[in-house]
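For reference, chains read A, B and C in written order, and residue numbers begin at 1 within each chain.
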Amino acid sequence: MTLDAKIEAILFFKNEPTDIKDLANILDTSLERVHFALSDLEKKLEGRGLTLVHYENAVMLGTAKEGSELIEKIKKEELSRELGKAGLETLAIILYKGPIARATIDYIRGVNSSFILRSLMIRGLVDRVQNPNDSRGYLYKPTLELLSFMGLSKLEDLPEFNTMKEQVEKFTRDAMAEDQP
Amino acid sequence: MTLDAKIEAILFFKNEPTDIKDLANILDTSLERVHFALSDLEKKLEGRGLTLVHYENAVMLGTAKEGSELIEKIKKEELSRELGKAGLETLAIILYKGPIARATIDYIRGVNSSFILRSLMIRGLVDRVQNPNDSRGYLYKPTLELLSFMGLSKLEDLPEFNTMKEQVEKFTRDAMAEDQP
Amino acid sequence: MDDFAIKVGEFEGPLDLLLGLIERKKLHISEVSLSQVTDDYIAYLKQFENLPTGQAGTSLSNMANFILVASTLILIKSYSLISSLAVTEEEKEDMEDLAKRLKLYHRIKELSGHIKELFGQSTIFAKENSNHFESVFAPSGEITRKNILGAIRSVVDNLPKKETVPEAIIKKVISLEEVIDDLTKRIQQSFKMRFSDYTKSSNHREDRVNIIVSFLGMLELIKQGIIEAKQEYIFADIDMESKNIALPRY
């Protein structure tokens, strides 16, 4: 069995976002080889019914977005599409600029974002991790579920992703040089 | 999307044996064409991590036979893994406040708990029952094995049971009165 | 969660409001257009500042956000009217930043259109969870009464708390009208005074927001033709004189 086939089996079994480090551990191989195998798997899944969703160190298996209408037909629970203005703005900031500190989100939006962040986390759309530059602070980032909801295999598939990331980074570098990690 | 890719997506999503007649219905096509597509799918899955499992008149997607050792290893690893902060907190909420709906746990913790709950269930630490107020929802509660493992003859024997329960309840009462059993 | 909503009227926050005002006038985002919508911004804010908190979704800390942006707007407008106005480096940065922030916010709003378009439209689905799975009792050594108590304590400690901004302080700072009334009275009484005397003798705390709010009051009075202001040289105090003592109108 090839490494990419093994990874496919593991992701199928686990059915949740899986850390690439865990994959390397279970498979007793290097991170580098896992990365290579993942891109092999990605190629092999082209035109198939399944797809990989990949962000930073996490990866999961899901149905191809071309099949979404079909799956929607047999899905029992109705998907909640309601996001509201605050939710849309906050998700846009996190998707195009994440991982990002709450202070920066507040600064960009001009309002306190703690409650909208909390509700996005409860919905499993946003996740937070310890800020490596500030032990008391967190960085907010998109979850693989958010990417899946948007039919994105990876963040780079977002429209205008590359141009925007540069713009936002340039701005925050200029404006927040003093208080940003 | 080819018919076999569509079938792959449906079988992946359903995650249970699916009647070939149902597939034909969902895909609005003939039994014959579904059979052809299934044998295409079978060929395409050769050498991959997944395989098609046939029952009498039903099919299901599963991990490839060659991967079974790997899957056993993961199962063992999942069962012996540390629960960690998130796992312990979720378990504590269920012990002090159960039976409790997932939405309430999410709301108390401020993050989505679905993956953690599943792992607690697989490890036999929590159990779920039908929510009497919501036919599609469940309430989570500790298993008897967990109680005896902790040496508790009843939940009230938990340290500071009443104070802690009251504090959590005060929070949920204020905010979620309508979702509460 | 409605009591936590951040809204003054239909707007999410000060930047949202500013953007709405600029778009309504079909202007481009710049310091010039910001000075053109300052009055509208203040007028809009005034409708809400006297509402009890909780009504119309106003919250005190959020009002403070609105007022802070108002103070920068006033600076921008004052600067455009009185070119000799002395501003500190920090204030200059705030003024320049506001237009930049607004442009970025505008961009984010455009991008949030993509989110709206894509969200839930062609979802990648995970496997449905199987209802029949075998569970094996597999506890771990961490599950002790002590650790479970520690865990529930940490849960309780991390429950979100309602805002604890001291209401009295913010109410004092943000009462725009009060400052203007006060200023009018003082002008009538002393006929001629200096801006720094006003802020010093005022019973308000002499913090930055207050000075700026007072300054706004002064500008309003100039606009209404009630007083005249003079500044001898850059960084000097501003002299205020009443033009029409009999008719202080608002």
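Convention: a residue touches a chain if its C-beta (ideal position, glycine included) is under 8 Å from a C-beta of that chain, and two chains touch if they have at least 3 such contacts.
Every value quoted in this text rests on a predicted model; they were computed, and no experiment measured them.
Relative to chain B, the most remote chain by averaged C-alpha coordinates is C.
Measuring from the average of all protein CA coordinates, the nearest chain centre is that of A.
The mean-CA centres of chain A and chain C are about 32 angstrom from one another, to the nearest whole unit. Rounded to a whole number, the gap between the C-alpha centres of chain A and chain B is 21 angstrom. Between chain B and chain C, the centres computed from C-alpha atoms are 45 Å apart. In chain B, 12-15, 110, 118 are the positions where the chain touches two or more neighbouring chains simultaneously.
Counting partner chains per residue, chain C shows two or more touched chains at residues 1, 125, 127, 129, 160.
Touching chain A in their complex are the following residues of chain C: 1, 4-6, 12-16, 61-62, 65, 69, 97, 100-101, 104-105, 107-109, 111-112, 114-116, 118-127, 129, 160. The touching residues of chain B, when paired with chain A in their complex, are 1-2, 4-10, 12-15, 26-27, 44, 47-50, 61, 63-64, 66-67, 70-71, 73-74, 77, 106-107, 110-112, 114-115, 118, 136.
Looking at the complex, you find that chain B touches chain C at residues 12-16, 79-83, 85, 88-89, 91-93, 95-96, 108-110, 118, 121-125, 143, 145-146, 149-152, 158-160, 164, 167-168, 171, 175. Residues of chain C that touch chain B in their complex: 1, 125, 127-130, 133, 135-140, 142-156, 158-160.
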